[in-house]
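One structure below.
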């Protein structure tokens, strides 16, 4: 049944969790939420009859607990699909795809090209958002916990890299590019994509039990993709519509 | 969501790891606060007017602004002027500075609480200023301060979770990271609460003991 | 007649807008026992505190034992005394307070020995020997190891007297030393002071509300009112035949309230 | 002879291990003026505080005005009194304290009117009228609007007396009402009490160290020592011809310290 | 070019939230402080125990834990509060626990003598508390309450960690969007300080009003 959707329609908005990480999500100077993920969500909810979205910024790690605790109706934040996340939430079909990237000091002094390289170099410290994909990738590659520094947000991560507190900062390619271009620091360079790390795609993440709402969302998402409006929304942010359309939730959730 | 005991035992070692850092940060922060507080107190009470005024302003400023923001400042802004502190050190300095301003008040109050008659008796028995401080004032002023200082030590302990905001892997940060990878907040957060409660209750008992022990000196 | 040991020359003392002493002058001869009486707030305590250099003065001069107290000679003139100069002058003067002001963290014996050891460098053994003599004199020898908190008010005050005597001052100041005591404890302190007056030729200034004791103890009585000496004279004259009306009123009130001479 | 208004029947009072009153019994007749004297710590204050129900008692019974004070009848027996019962009994008793205990946040008039208005529901106008009469009686009518902090000790104590009288108690308790006062202020308070004793037939219990006043004021004097009544009798007998040695020693000490009879 | 006026506006919006949190949190804190503080001196064992448990729990477990707990765990008990409500609740209850001890201390400090005067004048416990003890205790509480209010103000920064868009949070947002660290943090430090000053001035004014005529003298 579609009771959740009816609720949202009645209330006139959906509560979405976003991160503070351009270009996935962004907050303008006037406080207006934008970025590729919220823009897509806003459009689809509008088509579903839900007027608007209300966003609250959250750490990646807090998003799923927050969703489960009923603090949000959906996560639209570039939270990439991974099997264990698929088990915890109900994802929509893919929306934004990106590969992983490193920001590091000019000339890549430690020669880091993959998470494995970091694991192998006992001096290399990596910064990543807490509870994000990059943290997991690093840990899975065998980087010990004490060399994976949990960084609260992108700006802090870049700052810590510049200040030499970490040797490499890892985020999706587009996020890193956005950060580095804002910083405009000649001493920082980007390695993208990271070797051996797959391209990930996010989806809008719904609470388990809200599958009906998710399915309705998927229907509109498919139409959006079909019509080409999807590309119009995300490509200005640098995302590839083709990448999202060439894969499915099923594949991504089964990966590894 | 159900409480899961297995999960509790699974995350316990990680949390205890964090507790160690929490205690370390508290101990170092307290030691620093005790010293900084004394410096502030002496500057305020004995330095020439302009310096005393400036010290007062600094103390008031630090007391009037959140420790969290001060930590951000120390950790993220100071490197711009070439001061790059490791996270734990930055946290300890933040705690020390912040609580140093509280300690300064305690020192001042403790010294002012020594009755005026004691200063006068010291003068009437012709002791010098230094002798008065060492033999008459401080021996009376210090013991009553101990409970108040201990009180701030406990308060500081409970504020260490702020260090998680500058990447120190203390108790709260460990709990968050456990929560992040398991999507479960109930157990880690409750456990952190229980740890704090246990430590607090122990310290309350200890504090009562200190208060009793050192209240006696005040009898006249 | 010997030269005065204290010569107070038109001193003024103000607290903010309040003038407590206004051009007060007086002299005290060596060995003289002086009682200062008068209503509350008349400045009796203030004059003792000034002699002990616990206050600053707003004007005037004081000479103690032939030397200036609040001023010291420099380049032929007088300048405000510095701490070192005051330190030397204070050797001549001892004071006993209304509220004893014993050092609560030190035992009776240490209260008495502290100053001689620190200010005069007297060796511990010697300081203790002398302290025991003094404690014996005030009847407190058996309490030498007690802490002040374990003593009654009268006992504390006797220790405070011994402490002040330990520095062998030429002048002793007593500020209402019995008025914080329970009535039955007053006598033991007064007895010590009688003994002291009889046995030494120290100069003593005493502020008190015990008219009977003032009468017996003093060579001369000064009656203060509003920072001025209104009347002075032999005890018998002041107490039996006060000339000033203010003195008469004051004594009438005090005596009506149940004190005897 | 009238029935006693207070009948104390072998009461015991302990503070932890310390027994302060040990099986004390005494009776007071209506209108009697009683002076309680004795050394510090002998239990004088304690007995007044017990009558004011400021303490609990460890044993014994007290009857005030024909009713039990710490016990109330229930089902034919006596059980410890509850707050409501005590509230009713306290109407009979008023107390004046050594340290006045005025309410510092209320003006003199409000100090006096507060209790009648709250406990008896007296209307404001009426309460103020009566309060002004009482303040007039104690000579404080012109200070009705002053705050306690602006008064001298003697004035405060006179206000405190008026405040206690405002509830028209049958029994008044006075605990060393002059001993926190400057000597010259003592008389004004004692005068008020003389007047009160002369003009009313209230029962009064007075703890004091002012032997002269006790002598003139009291119909009967009780000498306390260590929680016991050691001697009692007419003032002349007790003060001039004490029979007990302890009474003699006590009076000798007090009188030697400068108090007169 | 960075739109600084816009971003400063964002911080000011956050400042508004901070002020809102401080005021509502303080209001809650005062209410619970009196309830629990008076509960601590109650005649009834059960009331005392309840008040003590509340005070020890909230003083013992650190505001962070309380905040995260209220935000993430309470919803499972069916209580879902908005972040603002959560912030007000956690801050108010936390600071209220400290305030309760202030209330208790002040009431006790007014002391035996005033209490006994009330008994001698036959006031009931309630009357004594309302007309005699509390009016005096209030002037003793105010300075510490002022300090508590400042502690609460500082505590609001912590709610940024549960994604409430207060001043600290907005500073973080501005920082992420502009890449500048110094300006947002320096701005909010100054703003916090000004707010703290405003609180202490306000409390001093209040104190003067309450103690007027008392001359600070207490017999």
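As written, the chains take the letters A, B, C, D and E, and residue 1 is the first residue of each chain.
Definition applied: contacts are C-beta pairs under 8 Å (C-beta built on N, C-alpha and C of every residue); 3 or more make two chains touch, one makes a residue touch a chain.
Predicted model only: the values in this text are computed from it and were never measured.
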Other chains in touch with both subunit A and subunit C: B
Chains touching both subunit A and subunit B, listed by label: E
Most widely separated chain from subunit D, with each centre as the mean of CA atoms: A
Distance from subunit E to subunit B - Cα centre to Cα centre, in angstrom: 20
Cα-centroid distance, subunit A relative to subunit D, in whole angstrom: 82
Separation of mean Cα positions, subunit E and subunit A [Å, integer]: 38
Whole-Å separation of chain centres (CA-atom averages), subunit C against subunit E: 52
Interface hub residues of subunit D, defined as touching at least two other chains: none
Numbers and ranges of subunit B residues touching at least 2 other chains: 1, 76, 165, 185
Contacts with two or more other chains, residues of subunit E listed in rising order: 72-73, 76, 181
Interchain pairs in contact, sorted by label: A-B, A-E, B-C, B-E, C-D, D-E
Subunit B to subunit A touching residues, read off their complex: 1, 76, 79, 84, 86-87, 165, 167, 169, 173, 176-177, 179-181, 183-185
Complex contact set, residues of subunit D against subunit E: 49, 52-54, 83, 87, 90-91, 93-95, 97, 99-105, 107, 114-115, 118-119, 147-150, 156, 163-164, 167
List of subunit A residues in touch with subunit B within their complex: 59-62, 64-65, 68-69, 88, 130-131, 135-136, 146, 149-152, 156, 159-160, 162-165
Subunit E - residues contacting subunit B, complex: 56-57, 59-66, 68-69, 72-73, 76, 150, 153-158, 160-161, 168, 171, 181-182, 185-186, 188-189, 192-193, 195-197
Footprint of subunit C on subunit B - complex, ascending: 115, 117-118, 120-121, 123-129, 131, 135-136, 139-140, 216-217, 219-220
